[in-house]
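Next come two complexes, and both contain chain A; in the first it sits with chain B, in the second with chain C.
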Partner chain A sequence: MTFKELTRKVLLLDLLQGLALTFRYQNPKEIYTEQYPLQRPRVAERYRGAPRLGVNAETNETLCIACDLCALACPEHLIVVTSERNPNTRRKELTTFTYDLSRCMFCGLCEDACPTDCLELTQDFELASYSREGMIWDRTTLERGPQPTKYER
Partner chain B sequence: MADDTKSRTAHLDLDTPESQIETYMHRRAAPAREEETYLDANELVLNMGPQHPSTHGVLRVILKLDGEKVLGTECIIGYLHRGVEKIAENRTYTMFNPYVDRMDYVAAVSNGLGYCEAVEKLLNIEAPPRAQYIRVILAELNRLASHMLWLGTHALDIGAITPLFYTFRDREEILKIFEKYCGARLTTHAFRIGGCQYETYEGFEQDVIKFCKFVRPKIDEYETLLTTNRIWVERTRGVGVISAADAIDFGVTGPVLRASGVKWDLRKAQPYAAYKNFEFDIPIGQNGDTYDRYIVRIAEMHQSLRIIEQAVGAIPEGPIMGKVPKVMKPPVGEIYHSIEAPKGELGYFIVSDGSTQPYRVRVRPPSFVNLQALDKMVRGALVADVVAVIGTIDIVLGEVDR
Partner chain C sequence: MQQFLNYLNSTQTPGETGNFAWATIYILIIFGGISVAVIAMNWLERKVLAHMQVRLGPMRVGPHGLLQPIADALKLLIKEDIMPAEADRLMFWMAPVIVVITAFTVFIVIPFGPTHAVTDMNIGVLFMLGVSSLGVLGIIMAGWASNSHYPLLGALRSSSQMVSYEIAMGMAVISAILMTTLTADGAGTLSMIQIVQAQDKQQMWFLFRMFPFGFLAFFIFAIAMVAETNRAPFDLPEAESELVAGFHTEYSGFRWSLFFLAEYAAMLAVSSIAVTLWMGGWMRPFSHWLAGDTWDAFFSFFPAATFFLLFVVALAGTVRMPKHAAFKIQKAGLGAFALVLGGIGVLLLIPPVKDRIQDIYWFVAKVSVFMYAYIWYRGTFPRYRFDQLMKLGWKVMIPVGIAVLIVVAAAPAFNFVW
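Right after this comes the complex of A and B.
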């Protein structure tokens, strides 16, 4: 042991340096904690959160063409799309769309597969529900987006 | 059933004849002998886990103790088994990609990188250079994040609570970059077979450079707290020693192997992605103890920063996605591809039968293999050292059990 090491040991320099570091972070400027319900986190633009089915803003018609590609792309097979053919226009029209969020792992493969950019994973992240059934979203919920309960005093 | 247990635990009692082998199962079945009282009992079988905070998940370690001294250990794994390898057989190559993130969930990017490269090798395609650079940057950021999480939890196990807060604070910056890049923080699913799905966002380079500048002094701060801290040194130096020869025999890889003095890093030995373009050193230790593994990982964090800084300034222009067939049907054959994940060699062995789904996917996870060396490392040590050694191996149970 060199003299320098010995002095460090006797004077507890290592310990004091560590303590100095800890106390430096007592400065209120160094607070990193986010006060979640009061202070909303700003998630990134590409955040993969709650799924949403896009609608045409003017006509309020769904953008979904019921091609079933999202259901085929989903690794968990949690999307169920049903459609029926309109006899007048001879085009497939969406009837129901169910999305089982409780099994979703937010991998984003469904939104990659969507040819019309109808299905997308949005920035909404508050998806808690009191029941398992509440996690299975139907077409109306998907088009409207999640409506988290707001608790007020 | 009894025979099965015997064969699994037989390695604990190399010196005792087989008829006298006592496993935990036998001990539980047999009533305690009269003369073996609490005070002079010379052997005690103790279950550590699966709900023990220091086993980093759901690992169960059966300890055979002589007082505080560990006579032998046995790891019982499988509490987090989800059958990922079996799931792969029922998914297409693309669909299986998100599942690999869930094996080593603190280093999801590395898992995805290994899988995508393995399938690319099978398909005989290559990701474009731009994608490869992005992959390297994200994988190295992930290595930093993984080592930070390791450092925080390992120090917490040993009794230093402060580093946990600092490492998590700095890891958050990495996760923010991940979130901005691909939309997820932990299970990123950042890469696709043939390249990357997402183009870098505006300000990606600046964010990464800013992070590198931000984190360098922070790593020194961790060192201020630990490297010369007398308690830390006492708890780690000479604990859990594994020699280079033993480490190689056990198939141990990653920082655990390098701390024993073996200069083996797949990024240098079999360069993948764009690693051959970068200059970096392989830090190695000498003693193969817990302290050396700590030093090696800290040095690795600095090396990762070096790689990131080289890569981020040199991202080539061009496409991010190679020419990938829409329906992936790799030719019949098998492939083994391994990468240097933060914890060691992560390998994927994929057998293709020519259909859209793999015939078999076998994952060679680093944690699983490194965990086998636990018994070697803790024999003769004290119970408190077991906690330190489990921490130092840096296991993630999601990867051990798959």
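Right after this comes the complex of A and C.
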């Protein structure tokens, strides 16, 4: 043990250093905890949360072209897309779109497969539901986005 | 009635004058004060510890969680009282009672001021050390009576730890007591009040007497007292990662809260011994260096100023409360609390109260520094391993304690005192 190490040990400098560190951290500015329902958490930009089906902002028409690529990409096969061909325009049009959130692992492969950027996993994270059926989202829910209950006294 | 109130002009403690009524009043005040201090300490510990760990701590029960300890106490009182089927019923019942009684009995001789003690014993320090070490008995009883492995191991650890550190503690205490003989007549004392008066006469806290030996003795005591009270980093008897909760694993509800109360009361008690022996007890800082009426008047405003500071802090908290309907009641409550603190501050400005409260204030202020240090250690240091604890106790603390004792005892014999 060198002289320097010995002095550090006898004078308990390491302990004092630790005490100084914890003392500095008492500054309220350092606090990282959020007061959740009142304070919204800072969700990362690349966070993959609630799925959402995009709609055209002006015409309110769905962007989905019912190509079924998301359903094929999904490793869990939890997306079911049904469509029917419009006889006038000769185009496939979306009828129903179900997304079983209870089986979703938020891998984002469906999002990547979507050719029109219609389906995306948003930053919404409040996905709790009172029933298993509530976890299976249909087309309207997907287009509207999750509507968590706001609790107030 | 007049005779009853005449005591207030007395220069002695109620115990010495044999004033039974005032002694009872003092005991009740001290009991209430300790209970309030434990509640405050509970809140402060959670808050300060949380801030050291960059958390918020309790925030929901009352403004900034101020009512959390009261809610916890209520919860504990209405919890089911469980006694293990195989437990030794009498001992199981006795253990928390003994621990609490020993923790509170110690406060009889603690001098909050020259007249502000229940009594002044001529063996005050011995009484404190003796009674406080009886608490180990309660802990062993708790561990044994629970008839379970973890409590037994916790009790064994606790007793061996307390017994080893008591020696180092004793060495430190003796060297402080020897310092009381460094006066002209060379008469030493064991009385808590006279120890403080000896520091007053020598115009120096024993912390700085014969520097660095007074400081070393204090330092040994400061470490040993953390070990004595089973607090981090010496909290092996109740190390939750190893022993669940140590000796009070099988206790719940009210009995557990008694252990909790006793632990904090013991912390207050040992801190008071440290303050009395080394930090000048009730004396205000620089009572000789900054003497004179002007300085006396200046320092006499400290108690009121402290409460005004708390008032301002609470008021700032009220103003900065989030603007949300759910916070209306909390806001009103914190505002009312701020007003109460301000009211106490105004009350402490009334001259007779102001004079009366001086010694108590400085004593409590010094003790609270120690209480903060307890939380600070807990937030900083990792727990010792048991063999390291014993090594520290027997191979470092006791030899250093004996060395300090020898120097402090021998130096005056050669007329070499500084």
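Throughout what follows, the second predicted complex is superposed on the first by the 149 of 153 C-alpha atoms of A that agree within 3 Å, B and C clash if a C-alpha of one lies under 4 Å from a C-alpha of the other, contacts with A are read in each partner's own complex, and residues count from 1 in each chain.
Criterion: a residue touches a chain if its C-beta (ideal position, glycine included) is under 8 Å from a C-beta of that chain, and two chains touch if they have at least 3 such contacts.
Just so we're clear, the structure is a prediction, and the values are computed from it rather than from any experiment.
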Which superposed partner A:Leu121 touches (first chain B, second chain C, both, neither): first
More chain A residues in contact - chain B or chain C: B
Touching partner for A:Gln147 - first (chain B), second (chain C), both, neither: neither
First (chain B), second (chain C), both or neither touched by A:Phe106: first
Which of chain B and chain C A:Leu15 touches, first, second, both or neither: both
Which of chain B and chain C A:Gln26 touches, first, second, both or neither: second
Which of chain B and chain C A:Thr2 touches, first, second, both or neither: neither
First, second, both or neither for A:Gln35, with chain B first and chain C second: second
Partner chain in contact with A:Ala73 - chain B first, chain C second, else both or neither: first
Partner chain(s) touched by A:Tyr47 [first = chain B, second = chain C, both, neither]: first
Residues on chain A lying within both footprints (that of chain B and that of chain C): 15, 18, 21-22, 25, 32
For the chain C and chain A complex, residues of the former touching the latter: 48, 51-56, 59, 322, 324-326, 376-377, 379-381
Touching residues on chain A, where the partner in the complex is chain B: 8-9, 14-15, 17-18, 21-22, 25, 32, 43-48, 73-75, 105-109, 112, 121
Partner chain C, residues of chain A touching it in the complex: 15, 18-19, 21-23, 25-28, 30-33, 35, 38, 152-153
Contacting residues of chain B [partner chain A, same complex]: 91, 94-99, 102, 162, 166, 169, 172, 176, 179-184, 187, 189, 197-198, 201, 221, 224-225, 228-230
